[in-house]
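Chain lettering (A, B and C) follows the sequence in which the chains are written, and residue indices restart at 1 in each chain.
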Amino acid sequence: MTRTVSALLRKELLVELRTLESVPGMSLFAVSTIVVFHFALQRSTVDGDLAAGVLWVTLLFAAMLGLNRLFVADAEQGGFDGFLLAPVDRTAMLIAKALTLLSYLLVLEIVAVPAFALLLLGPPLGPALPGLVAILALADVGLALIGTLIAALAVQTRARDLLGPLLALPLLVPIVIAGARATSPLLSAGHVGALSGRWLAMLALYDLVFGLIAYAVFDFLLED
Amino acid sequence: MGIALCLVFFYAPIELEEGLLQKIFYLHVPLAIVSLGGFVLGGILAIAHLRTRDRRWDLRSYVTIHMSLIFGVAVLLTGSIWARGSWGHWWVWSEPTLVSYLIVFLLYATYQPLRFAIEDPERQARYASVFAIVAGAFVPLNFLAVRLSTSYLHPRVLGSSSNLPGSMRFTFLVSLAAIALLFATLCSYELTAKRTRMLLRSRSRILGYR
Amino acid sequence: MSTGGAETTISAETGGRAPAGALPSRALRIEGLTHAYGERTALADVSVSLTAGQTLVVFGPNGAGKTTLLRVLATLLRPHAGRVEVLGHSLPGDAWLVRGRIGLLGHEPLLYRELTPRENLRYHARLHGVAAHRVDELLAEVGIDARADEPLRTLSRGMIQRAAVARAVLHDPELLLLDEPRANLDPAAVGLVDPLIGRASGRTRVISSHDPGGGLAEADMVLGLRDGRPALLGAAAEIDSAEITELYR
């Protein structure tokens, strides 16, 4: 299993490095979204709830772009068949693709969060950073799991670029709720609030539940 | 059974002495409970489909979810009317059950577009089942999340049903039973209709080819 | 010669296990296989068998079900009815047992265009647990080692097909499933790949072909499909190419 996952991961990252079709697009989109927010909200700085909201919407929508591209190369170039012919555990593809999407999200955040701090965030990012990293780490796992599952579902349909985000957004609402609620006190104008354990627990629960479900159902999506 | 259904249905409104707003409550909450149960049931039926590969389970899953969605429209409508009556707005964010129901509704509204976007019927059934399972697991999780997020903003107006005085509670339970029966009846009608249509189609195909 | 109820089975066993001729037969029957477009039958009531080392050539017009048959044998599609046994194991239940022993060469090369042939083959080698040096050997055997480190999309179709052949035999499969293998190959290339996928390779093969003369020459058994149904079945020696051409009318 580990060997299969690592073989898949190497291939994924190699293809992405060669084509650069996901990560730069996601990152650029995030920065553009932040700029759009400046104009749409007509503000130069945001803090507290508003800041959390802007950040989470930006990350979520950029993640949708990554979701859309995740299985396209496999669907169009026979990647599924090539994998299905091999004597391997098919769940390895779930793990490898989720790890891939996770890595894309991490790179996205490395670009988007500083950009956000630079362009729109009022309070300083520094004190908020440790808490933010914890929240994003947990949320990213959930995003990656649901993203992979929905991407696999959507890639075999017509209108795949539309159906992916359409299916994923409602499913990701709990992440947005927990993520935004946890982030607001960290970005408040006065002193930095505490990191709420309740919301982290919510994120962890979400990751656990959907991790188990994804593990159980993913194989059914791969058969022909 | 249909007669018993009608009797039960009309018994509930007749019993009421409270205003119109409370009457909506007796409709809205049971509708919500039944339809949410239907969504989760759709997920369970989908598990049966994936395990047995018998397409009949998928048909049952589809009909259950479809019916729950239709009931869902009624839930949102009655919920909106009730919100208007209670707070003067057609929509309120402070009522967590209404909000989380909206999210669940939006999710299941994508179920049919998903099905119709897949041409191969075997794959369509399989993918729809996967979706139904994920969405079914999502329902309770979502309610938890929304509940947590609004509980300390506004006190919940909708008290739990165990706080209801005797007569109201009885009416509520009757209404719940009535709507559950209605749901089951409509589902079985739709199932029969679909099965008949499939049967007709396969018969005509056999005749046509020979 | 028509099918009648000729019970021959696709039973490709590993060569060393039993003397040729004393091998048990295995019935392959796929009934009412509906995979594409819902109600359209892709394969119906197909029965054929094959002993180890033999070659079955499948003829038929486009849409006759040749590719579907190959994909079912490759375990990519499930049989909807009937029994299928491959290498002694029945599908779809025991498909996981035979997967590593089957090689498929289809219409698509199943390679990533942005990666080089070497990277593609290394990936497949890792999936199948094949040593890395085998990749380099195969690249040389099919004659593309000069271009092995350039992205696949820069290669000609003939070279891509050769890379696909390498992928198909990388894990040394006992059963080869070849969907029009000569397509896109120039005569020189055909000579290069023959030891790998031709009769000389000693593998059991199922080939789908559009070439009555050439296909017949290669075959031990012949199956003709029309609209998913078997229209022709028998030993190659007993069939002449006129019957095959009939299929296409």
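Throughout what follows, a residue touches a chain if its C-beta (ideal position, glycine included) is under 8 Å from a C-beta of that chain, and two chains touch if they have at least 3 such contacts.
Everything quoted here is computed from the prediction, not taken from an experiment.
Undergrad: Of all chains present, which has the mean Cα position farthest from that of subunit A?
TA: Centroid comparison gives C as the farthest chain from subunit A.
Undergrad: Averaging the CA atoms per chain, pick out the one whose centre lands closest to the mean of every protein CA shown.
TA: A
Undergrad: Please report how many Å separate the Cα centroid of subunit B from that of subunit C, as a whole number.
TA: Averaging C-alpha atoms per chain gives centres 49 Å apart.
Undergrad: Find the geometric centre of each of subunit A and subunit B from their Cα atoms only, then give the gap between the two centres in Å, rounded to an integer.
TA: Their C-alpha centroids are separated by 30 Å.
Undergrad: In whole angstrom, how far does the Cα centroid of subunit A sit from the Cα centroid of subunit C?
TA: 41
Undergrad: Mark out which residues of subunit C touch at least two other chains, giving numbers and ranges.
TA: Touching at least two other chains: 35.
Undergrad: Provide the list of subunit B residues touching at least two other chains, using ranges where the numbers run on.
TA: Expected reply: 119.
Undergrad: Going by the contact rule already set, what residues in subunit A reach two or more other chains?
TA: In subunit A, residues 223-224 touch at least two other chains, as defined above.
Undergrad: Can you list the subunit A residues touching subunit B in their complex?
TA: So the residues of subunit A in touch with subunit B come to 149, 153, 156-160, 163, 166-167, 169-171, 173-174, 177-178, 181, 198, 202, 205-206, 209-210, 213-214, 216-217, 220-221, 223-224.
Undergrad: Within their complex, state which residues of subunit B touch subunit A.
TA: Residue list for subunit B touching subunit A: 50, 103-104, 106-107, 110, 113-114, 117-119, 123, 126-127, 129-131, 133-135, 137-138, 141-142, 144-146, 148-149.
Undergrad: Please name which positions on subunit C make contact with subunit A in the complex.
TA: Of all residues in subunit C, those touching subunit A are 35, 71, 74-78, 96, 99-100, 102, 104, 106, 108-115, 119, 123-124, 126-129, 151, 167.
Undergrad: Can you list the subunit A residues touching subunit C in their complex?
TA: Contact set of subunit A toward subunit C: 3-4, 6-7, 10-11, 14-15, 18-19, 73, 77-79, 81-88, 223-224.
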